[in-house]
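The structure under discussion appears below in the form of structure tokens.
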Amino acid sequence: MENIDLSKYQLRTDLAIEEVEKSTLKQGFVTSEKVLNNIKITIVDVLENGIKLLNKKRGRYITIEFDDVTDTSNKEKVKKVFSDELRDLLSFTKISSDANCLIVGLGNDKSTPDALGPSVIDNIIVTKHLFDLGSVSEGYRSVSAISPGVMGQTGIETSELIFGIAKRVNPDFIIVIDALASSSLSRINRTIQMTDSGIHPGSGVGNARKEISQDQLKIPVIAIGIPTVVDAVTIVSDTILFMQKQMAYTKENLKNPIHKLVTPNMIDYTKESHDLTSDEKQHLMGIIGTLEDDEMKQLIYEVLSPIGYNLMVTPKEIDFLIEKLSDIIAGGINNALHRQNNLS
Amino acid sequence: MENIDLSKYQLRTDLAIEEVEKSTLKQGFVTSEKVLNNIKITIVDVLENGIKLLNKKRGRYITIEFDDVTDTSNKEKVKKVFSDELRDLLSFTKISSDANCLIVGLGNDKSTPDALGPSVIDNIIVTKHLFDLGSVSEGYRSVSAISPGVMGQTGIETSELIFGIAKRVNPDFIIVIDALASSSLSRINRTIQMTDSGIHPGSGVGNARKEISQDQLKIPVIAIGIPTVVDAVTIVSDTILFMQKQMAYTKENLKNPIHKLVTPNMIDYTKESHDLTSDEKQHLMGIIGTLEDDEMKQLIYEVLSPIGYNLMVTPKEIDFLIEKLSDIIAGGINNALHRQNNLS
Amino acid sequence: MENIDLSKYQLRTDLAIEEVEKSTLKQGFVTSEKVLNNIKITIVDVLENGIKLLNKKRGRYITIEFDDVTDTSNKEKVKKVFSDELRDLLSFTKISSDANCLIVGLGNDKSTPDALGPSVIDNIIVTKHLFDLGSVSEGYRSVSAISPGVMGQTGIETSELIFGIAKRVNPDFIIVIDALASSSLSRINRTIQMTDSGIHPGSGVGNARKEISQDQLKIPVIAIGIPTVVDAVTIVSDTILFMQKQMAYTKENLKNPIHKLVTPNMIDYTKESHDLTSDEKQHLMGIIGTLEDDEMKQLIYEVLSPIGYNLMVTPKEIDFLIEKLSDIIAGGINNALHRQNNLS
Amino acid sequence: MENIDLSKYQLRTDLAIEEVEKSTLKQGFVTSEKVLNNIKITIVDVLENGIKLLNKKRGRYITIEFDDVTDTSNKEKVKKVFSDELRDLLSFTKISSDANCLIVGLGNDKSTPDALGPSVIDNIIVTKHLFDLGSVSEGYRSVSAISPGVMGQTGIETSELIFGIAKRVNPDFIIVIDALASSSLSRINRTIQMTDSGIHPGSGVGNARKEISQDQLKIPVIAIGIPTVVDAVTIVSDTILFMQKQMAYTKENLKNPIHKLVTPNMIDYTKESHDLTSDEKQHLMGIIGTLEDDEMKQLIYEVLSPIGYNLMVTPKEIDFLIEKLSDIIAGGINNALHRQNNLS
């Protein structure tokens, strides 16, 4: 057995909303929610005292949660909501309507689940070169865009590339787009997060790289991300939690001898659900049932890692999803940045 | 709650070896194993009485299991073993060394985890047109190749396309390549199955389509597949099984009060492992711990399906893996079919 | 000097309109023209006695000529005109509005200028599988689609693949899409030809393959093509013809000693143009100036071929042009075949 | 007729060797030639007084001319020669064997004939990140690589991006790769130029952008390019020159009445060739025949430009050629930069 340090399963999430959800103290942040067209928008403001409590930087985090975007009508609704929220965030961040913008698409264009950033850049309307020539129509601002690649392709820390480019191109603010990791199966490809706190590229998948933020770059940095991958630990622990919830439907059965449970269908969805008591949990799942969420994940991690099965995975339809999602992000950005490009 | 028929979770596997492993009677087949260069080769012959017992057609199933193929040296070893085993299977099936071959790459070239077949076809050496012109060097046989696409692209049942083409092109035998589903996390992208029993395209992911086999086509059909996707049910049930095995290491702890377990590291890999007794299983995992393998999968399926989370997933490195795996299959086929194209 | 047969430069065109233009007898066909939105539509009906005179099969040939389709507004106009003309041609060919259609995209998806057919297929709405399931909305007909690849990829004569598939799939009519060669620089990527006479795949680039036509398949075959390549002979001979036309502007200069011509700008576009007399042609271009069009091409062919420079070329923007052109063809076909998919 | 400035056809070449060839004074440079394995290597050193005479910067220009690289054996020979010459040029430029290198692939990865640079970058072995981690094997130097895209994609002057990145990454020298334009049909896809004088991106296709050179960046800049496009003016003028040469074979005919020429085959390659006298030229080609090379190109430019036909074109096999050529350049660079990656 090789010597793996199993002492520190780090929750692989880039989403503030997931930190808020598992926060026990419920302190250090302010949230508000609304739902439009079946699309849920949650605004989390992380306060000074929330930085340590949530392990998130101070700033505004807007989360947009939605259903299947392979439905074209739903996709257009999500694009509209995203564009409106982005425009609001630009206002909130006091970015003026004619401020120059550099858009950075992080990720590897050769790896489908990591190609969100480059794919968005392919569909961004760039105008900086036209401004430089003095040939721009009313209603546009100066926008430039770049896909710097990943360190495995370039040999260069991505943040270094961005610092170098930003210093020379001198934008008023930066928008960075990246594929994220989620700690919840239900958010994969169904959530957009945007924040004025910048990002730590690759932090979601366990790499520590230098942050790209206003602290570093001295200009506002808006980060936009969509979780496209999830690790096996998350899939398993989510499922065990679902089990505990769904098992509530089997309340009567829980009193019965074990073999009574073992028939299709084990779960009776016509029954009322209830939160399991801790006795019920232990009856149902033994010692495992008594673990806290974090302990459960730690245990699953200790089981899967030594045998090499804590894979990061992505849905098999990822090619089609990236196409739809990058259309939403690029279209929404184009619309939010320029007055002349209104979504129909 | 919508009305989903949860009564029938079908194990999503295309691999005979997985049917053999979970077979309780251990009848209806003959197996043999060998290991070369850390590559494991298992030959399963499904007999007449095994057809029902294993839910597999009669025939020879060769499974090659290997480690990470992003290691170039290992990749070349796997290619050599695969090519040798394919040549053996052609002999076993009594296909002569100058028999004409049509190679069919099933799957969707626009969907990375499903693109194995088309990607292999891109690297096959075709010679039929040269034979038709009379301009072929010694040591080659007549080979043609096609990627017919998937029904969502063509609107046509793929087996219909193959029947139509085979009737006109008139090959002596057919090789069909496809991406498969596995019922085991450990086999994803690390297993090649080949068989003389043909295939049921899409059967691994829950679609019922017409089989492509000698029964239908009246010529030998060799099917070659690699599992590239796995469903969430499999990931969870595999993990719970792993837990039960690994937990054996915590034997002492199992006697202790629950809170003793809850420390990193919970599992003590220095302890001797043992198979848990059923009492230990129930202590550890409650009712869940007492379920049989099939019952466990059925339960997980009933939990995940109604909420739409029984995703089929693929590792996030799938683009790179498909590239390596199609190199193995195409190179191995080219080498096995032609005498002049020996692997170095 | 290698032994190349230079006796037979074959005009590399797939366009009936070009045969009509260079026809001297002006017999064996009937033409009509109209212009809509700056888009020119020419209908040529090749009659029985035109088959030999024009070296074209009997049938209707519709040519649509247009300007730059990277202009989105113009692209949509061309799509509308193409769709209307295709619907007219289906009527003319007596194809009923619920007849089943198989669409075949010829060409090599790995070679940009030859990828028109496969690229169109990627954007065709297929419905046959839905009809087979009985789940189709009002207003659609049964459509299937396939990209069979090219012989260099498959080893199989493409017409053989189509015959085999058509026999099994049994459509009421076939639409075949292909990239063509033109004998005129001005038509490259700016012309659509469609015809009810089927096609000879590859004939435009000098390969003789079996025809795909109603004679062979016993059902109507509509062929749609766009010229995307041109040979160097054509570029040079077109330019020499342009020179003769443009030089008309230099009429006065032609009387002058030679050195008078040699100043920028040699051509005075403020002068009236006129057709050069044959004396003027000889004065201007010597023996070359006295050659007929065919003789000129033969001579250029004899000059370029032995040194390997009669390249087939394509504009450097071909990637973007194929994208726009396949959008026109796929969108126009989808609209013409289904009542429910009206272009906005 | 729109108002096009026809006064200034600029020879569209990036190749020093073509400037040398058309130089009339034959001053300001020193050349040497050798031929290896049917591959011709020409070294041109542009001297101080050659800068104006040749319109080229001072420095060494190495041109490698070769035949068809779709022949694998020839491709490997070209790769070896290129790698050796590059190593020589690095020595000549006094770049030490452990100097850090940044490789820049110019061009648009979405446009096949312009994708040489990005395609090379995809195959470069990068090591800088490994050096930063201290985990590099003996025999490698620190190499980083980037494809910055083109201004139409990024909105940013490409030289600006490179300056910004170079300032931050701080390499000891830079290698820049780009697709070029040629003024000779015969060199398309069959010539590599490398130089220590840097480059003017896009200069070959008529765009004036800022240079990338040691003057600007204060470190050595090696530029490597392959001509992949040619304009119609070049094709036509090259052909007319070929005609004049080949027509020499028809010497006797030139005395004959015109109609005698017009038979296949017009050119009698069994005859001895000779350089045409100016009388013969005029007899053959009239006024056109008396023009100097530059005047001819100017005239053709004046003919083609107003009607929009001075296309930049590329051979129709460009996809396959770019693949082979980028393999040569990437493999040759990898081999020249690292001691451990010897070509077999």
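As written, the chain order gives the labels A, B, C and D, with residue 1 at the start of each chain.
In this text, a residue touches a chain if its C-beta (ideal position, glycine included) is under 8 Å from a C-beta of that chain, and two chains touch if they have at least 3 such contacts.
These numbers were taken from a predicted model, which means no experiment stands behind them.
Note on connectivity: the fewest steps through touching chains from chain B to chain D is 2. Inter-chain spacing, taken between the CA centroids of chain A and chain C, is 49 Å. Chain A and chain B have CA centres that are 32 Å apart.
Here the spacing of chain B and chain C, counted between their Cα centres, is 46 Å.
The multi-chain contact residues of chain D, meaning those touching 2 or more other chains, are 110. Interchain contacts close the chains into one ring where each touches exactly two others, per the touch definition above.
Pairs of chains that satisfy the touch definition comprise A-B, A-D, B-C, C-D. The touching residues of chain C, counted against chain D in their complex, run 1, 6-8, 110-114, 185-186, 188, 229, 232, 235-236, 238-240, 242-243, 246, 254, 258, 261-262, 264-267, 269, 281-292, 295, 298-300, 302-304, 306-307, 309, 311-320. Interface residues of chain C facing chain B in the complex, by the touch rule stated above, are 110, 121-122, 126-130, 132, 142-149, 151-157, 160-161, 163-169.
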